[in-house]
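Below are structures written as structure tokens.
In the two complexes below, chain A is the common chain; its partner is chain B in one and chain C in the other.
Up next is the complex of A and B:
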């Protein structure tokens, strides 16, 4: 179990009851470490209430193109992406890219 | 007489002296006065920095919600040459955020309207206008001759194009976007070493996830703030405040609500696998200019044309056959978002969005809860703002709820307002 803060920015909060930040206790699968991959599965299974909304967040088993994932304000690409092992107090942010000008 | 001549000679000499001294100055005395307040901020590098600004050439693509607040600061700061690319004309619905334009400029090209203001603001600068839509065939030609490019555009397609062309011409891009009360800003291809747009987003977002300002709405000062931040970043690039040593890729995220916040995310560097700036780039100037990079195919398009001709009707037919008839034996369904519907709507209409209909999964009892009179044989007329969502809703009602007589109104409420009833508020 790890307790983290998750944020949905850039309009993504629309599929999470319009709530931008959530405090979560993410359980580990059979005592393993909790990774960002585990967190994403948890979000898809437990937090997206409406099955039709899943495609807004996930595509081909990963975060949908156009959504940036940040771990403690750092691009997850620099942190090991799904393999990153979460620690208590980590902040994971998902932000949809904006296109308006 | 002699004394008068002597006085004139002395005056002449003093004027010549002034001219000689001014000739050695890097800019006019008026410019010293004009830029004084920024030159005395040490970070600008004083006169030397001011000369960098004077010699700099900045291309701004889009004179809208981002370009408008950004441009006057660049002009005011003394950026010597400013290019503006925009083929749109000013519309009333732009004015709440596109503050360079004004009500008397409605119908005027945005690039010309902006130029008008800028040359009055600072007569020492040169402003070029390009009243064209940026595309693969003209982008390289337009970008050439500029040092920094500002991406103030509004679609993923142009964002990929701007980035690809800038990479190939070695230009740094200040890229920003905004929607609703949020905005994002980044520096791309910094000195041809930093990451480009494709490094961040190798795969474009699905077209149905992309929202425009027209569709999603936008708060003027929120996108305006991001535009002003673009000007700050541009000045820092020109003044060499960013160097190859100290530049770290970043993305700033601004939010105006609930509490205003500005975050700076640390971003990945240039990607070796990037098709534009990586080790084996396939996106070259040649392939762009020949049209071999199909941006439209790459970014995709939303397919709204999902109804057959007999499933649609014109606003005229809508008016004559349904709105004028006294008895209501048909159902009018407006599928715009609730807060749009609340601004203005036709009488005797139901309001359910495409998403709400989709979420019912074809369950008639749920639909009946919202529209008690609905049945398989009901005559249902669907309308939205422009006639796109109404087609999607028509498909759902026919295919999932198995309603037999559903049709959508072509061109939606706005076309109805334009052609039949201009007394209804259009927003």
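Up next is the complex of A and C:
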């Protein structure tokens, strides 16, 4: 179990009950480490109420292109993306860049 | 004297050498730049991003000293970052320009009213004058009324035509001859792609210009973010904690543009440089000169319903004016006036799903409002 803060920005909050910040306790699967991959699965299964909204967040088993993922303000590409092992107090933010300017 | 690396106030523990910024080699890299895959830290990112925009402005000679410049401000990420950066660069590099925020109120409840609130906050935050021009005062229609009358499917057509004119009219009202917009590299690549997919070759050549001006029009437009990635603009706004508004327009975006955008994003995921590469391809394309059309017989003169006659035209003339509103137009009547006429007569081509009662009611209310005794 890891407790992290998750932010949905750039309009993504619409599919999460219009709430931008969520404090989560992400359970680990059978004692394994909790990775960002685990977190994404958790978000898709537990937090997206409307099944039709899943494709707004996820595509081909990863975060949809056009959504910027930051782990503690660092581009997740530099942190190993889904492999990153979460620690207590980490902040993961998802920002949509798809809306108009 | 030995070199002291810049201090990092929040130096994270155990940073590997491979995680360090490739520019300062001192702080932890936070960003992988899509343009060149370079890993940079926050401070170096600010520096390179700002410098690149400055270089774009200088090398394209976008501004003249003493010029008044209107920033087309929607309250969204691009225009907010643009307004912030222009003010910053203007002070840092002494461009000597006067910046004004110019916003268009399309009249979309739940979307534009909220984003305009953001622009009003930006006005205070950046201490810049703000002018708001509304569709309602210009055209006597709000987008909500237009959609109620003409249906949601064509909303972007109306909105696009009206906004273009509204920005020009707003600028003219302020005596400004230069409008800058926040169009970024992603937008431009998307437009190039769309024009290719549609075979719209006439627009293809113009679509990559950083500055556009029609002869006869006093107002020029430019796009200082032409080479700036959307991802970097969003990151810049995020790290600088800029106040911007992010909600998709109530009326869904044009289906085709949406698909083109998705295609671009998928391409970018595989090959990030493709956005700048598409722009480069667009810039390098040159159209074959058109074959001269056979000239119509000179005796052919059109007699209009009001009895006036048309003089034979010399093909496409840039700098023509609309007979109704005087706005620049390649036809006798400009696109906006044509759309307005369609709305007025309630015979816009999508009349099938239009709601006559709403149209009638809106018109009637307007007419009643204008009555005086």
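Assume the second predicted complex is superposed on the first by the 98 of 101 C-alpha atoms of A that agree within 3 Å, B and C clash if a C-alpha of one lies under 4 Å from a C-alpha of the other, contacts with A are read in each partner's own complex, and residues count from 1 in each chain.
By our rule, a residue touches a chain if its C-beta (ideal position, glycine included) is under 8 Å from a C-beta of that chain, and two chains touch if they have at least 3 such contacts.
It should be emphasised that the depicted structure is a prediction, and the values quoted were computed from it without experimental measurement.
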{"item": "Touching partner for A:52 - first (chain B), second (chain C), both, neither", "value": "first"}
{"item": "First, second, both or neither for A:78, with chain B first and chain C second", "value": "both"}
{"item": "Touched partner set for A:32, first chain B, second chain C, both or neither", "value": "neither"}
{"item": "Doubly contacted chain A residues - partners chain C and chain B", "value": "9-11, 64-66, 68, 70, 73-75, 77-78, 95-101"}
{"item": "Interface residues, chain A side, partner chain C - complex", "value": "9-11, 14, 64-66, 68, 70, 73-75, 77-78, 95-101"}
{"item": "Contacting residues of chain C [partner chain A, same complex]", "value": "19, 28-32, 39, 42, 74, 76-79, 182-184, 187, 230-231, 233-235, 238-239, 246-249, 253, 261-262, 265-266, 268-269"}
{"item": "Touching residues on chain A, where the partner in the complex is chain B", "value": "9-11, 50, 52, 56, 59, 64-68, 70, 73-75, 77-78, 93, 95-101"}
{"item": "Contact footprint of chain A on chain B as seen in their complex", "value": "62, 64-67, 151-156, 159, 176-180, 182-184, 200-206, 209-213, 216, 218, 223, 251, 253, 255, 263-268, 355, 358-359"}
